[in-house]
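Shown below is the structure under consideration.
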């Protein structure tokens, strides 16, 4: 068994430098790599390009990196639950590349799977298609999209083992499995790290080969963005 | 919950016609849809095109369809553990399209995921690339491959529920999950069919939306092709 | 004029037994409340869940179980969780039978604009471009006119597009309309709304064939 | 001349700590038996398993747990199972560090032929084309000459290709060679085999720099 464990977030982020491109898992605030984001803040790295479906809120998630003006560019499908984001974007300090959510997911998956480019119908006829090759398949126009390239991917799982195998819970899965292995170095943080052999090999969502470094996270806040409930009658 | 269950293989194969294109899961004899194959034999459908990694052995798996000369064309990555196959191929009765295994898997997955075409390095510079578009990405030549189109996909899982959710076991998983949802009608047979709600929603390998019909299989033989063991000392 | 709930209620009649349905944020979300008894459907949310149930009871919220609107949800028996690539595989691969979403503008050629107003803060298209480019069966739920009173059913969209030639049906607070090669075909009127009212509120080509019935609920 | 087991043993020295390795059928499979103590590797089989262990004890075979050679296998702690698309994602995405496979011919430009002999029954390429097109680190394990005594290390392959310009190292029963821009560079001789023997058995350009050491086991 190849042991992928590192001590903590600090060790996991060894090699982070200003100007790098990072993938960051999560949807809204669900399933975000909280420990890695805190460590990114501490690292002081700037001019980062972040590929992440959303950009966090003012005081949590990637919002923490925006506060420190560490992000140069966001590549996302939906942003702006976030005043500081809006301020930086409108002032031109922050570049934003908005792309369809399915294309975002597939461009990550393509990077993971060694597919350099693929065709998708999403965005045809819109400004998303500008400058892109258009080709008809089955009588329907599609556009050519390319795999992402990133230096680090930060993902968060529910459980993991020493071999780097990951299991996710609920919709906190989202972009995490498609980013694992899609960057040069994938860092996984988990709520519970177990010895190799404790997880059922049939039930691994992401095999350890896609994960370079894994560590046990601490102090998860797991904030809820839209607490929506019904009352018992 | 949308109930996808049908009584048996006969009902599951309603609509099978000569000349159709079928995807058939399995690797070697592991994870093959035994009940559906038996029913295909009974159906008497001929001129079938089968997309399947292998072609079975003389008296099992797709070999049973070859015996009845029901197959017109095989699309596979590796064939010929099978005398009848060899005879039909050398006599020209059977067309064979050999394609790289990873390309086979990805062309199924592309069909499932609505990706009409993608680029892969596999086969560049070989006869597999003949007539195909070549394009460089990252300084490396790739060829364009298209999603498959099929009428039926037959997959076999370990467990399934009424909603069509599937869980596979061991390497019997192989091509089954990538063929589910890759054809107009996907038929899943399972060793154990349970009521909806009994399977952990975190541990579903294939969500029921990719499965049109599911049934409890019977009399699984699960033959071993290469029984390889060591002795206790 | 229909309320938002009534628009959702009317759309619920378009939901057929055995449909997998993706509901957008806003009015579409309300459709789940009106699916008739005896109709089995499963709701998909593009962040990675199939088989969504109602909101959780207070105290039972799970931060790891949300919908695409980031609301806490529950799941029903037969539910499954999956990653974002698989989720959009369901959408792009046309496994989802019906998509219901809101819009700022719909054009008579089926174009839709619902993600960007130039000069205003742009939040992004989320999954909308994938949904409209992929689905064969898309219903738009929206008000017939905007806050300024201008029609949202147009000859051509004026805002940046989300997708082209993709919308097949529109349900507004005034009418149910099919989007066809020839323009908007008026199918039903909201109670108390006349064909003339609808004509006046529709900038795009409106086709009125014979008597137009009032919606039934 | 080395036996097949000795070829495997020599190749095992190329396996580094922390490598994920894909082993082809035949001699490559034997490499697993010789990985030195203290070197942690995981074996991937393209039919969908990572973390393969030894063959099962008699009576413990599971038809649902096989390798790409269709042999019954076991798994080690930390193993995982996955589908064929994910498996080739590992291969195509260059997550597998080392691929070891057999060949009929290797050319001095790194081309390999190992799947088809015109006129003979063709069984197919299986995963070989994906492996050789994707991997950055490929070792060929084969006999130096074929049964007729003809060299398998050629200027150009005569058989239909499996991949182009992809092989970086060859270990035969006679020698260890790097495949470089300039041709085959002789690195080591099998015990009792002379440089002259190797020259005579190599049709492709053979580069011999200085003294060539004998292999150490």
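Lettered A, B, C and D in written order, each chain numbered from 1.
To be clear about the criterion, a contact is a pair of C-beta atoms (placed from the backbone, for glycine too) under 8 Å apart; a residue touches a chain by one contact, two chains touch by 3 or more.
Source: prediction; values computed, not measured.
Touching chain A and chain C at once are the following chains: B. Ranking every chain by how far its Cα centroid lies from the centroid of chain D, the top place goes to C. For chain pairs B-C and B-D, the one joined by more C-beta pairs in contact is B-D. If you average the CA atoms of chain B and of chain C, the two centres end up 36 Å from each other.
Mean C-alpha positions place chain A and chain B at a centre distance of 32 Å. Chain C and chain D, compared by their mean Cα positions, are separated by 55 Å.
With centres taken as mean Cα positions, chain D sits 28 Å from chain B.
Shown for chain A are the residues that touch two or more other chains, namely 106, 113-115, 120-121, 168-170, 202. Multi-chain contact residues of chain C (touching two or more other chains): 49, 81-82, 85, 88, 91-92, 134.
Pairs of chains in mutual contact: A-B, A-C, A-D, B-C, B-D. Per the touch definition, chain B reaches chain A in the complex via residues 106, 110, 113-121, 135, 137-138, 142, 146, 167-170, 201-203.
Partner chain A is touched in their complex by these residues of chain C: 45-49, 54-73, 81-85, 87-88, 91-92, 111, 121-130, 133-134, 160-165. The touching residues of chain A, when paired with chain C in their complex, are 27-31, 53, 76-80, 86, 89-90, 98, 100-106, 108-109, 120-128, 158, 168-178, 205, 222-232. Those residues of chain C that touch chain B in the shared complex are 18-20, 40-42, 44, 49-51, 75-82, 85-86, 88-96, 134. Remark: chain B residues 1-3, 111-115, 161-163, 165, 181, 195-197, 201-202, 204, 207-210 touch chain C in the complex.
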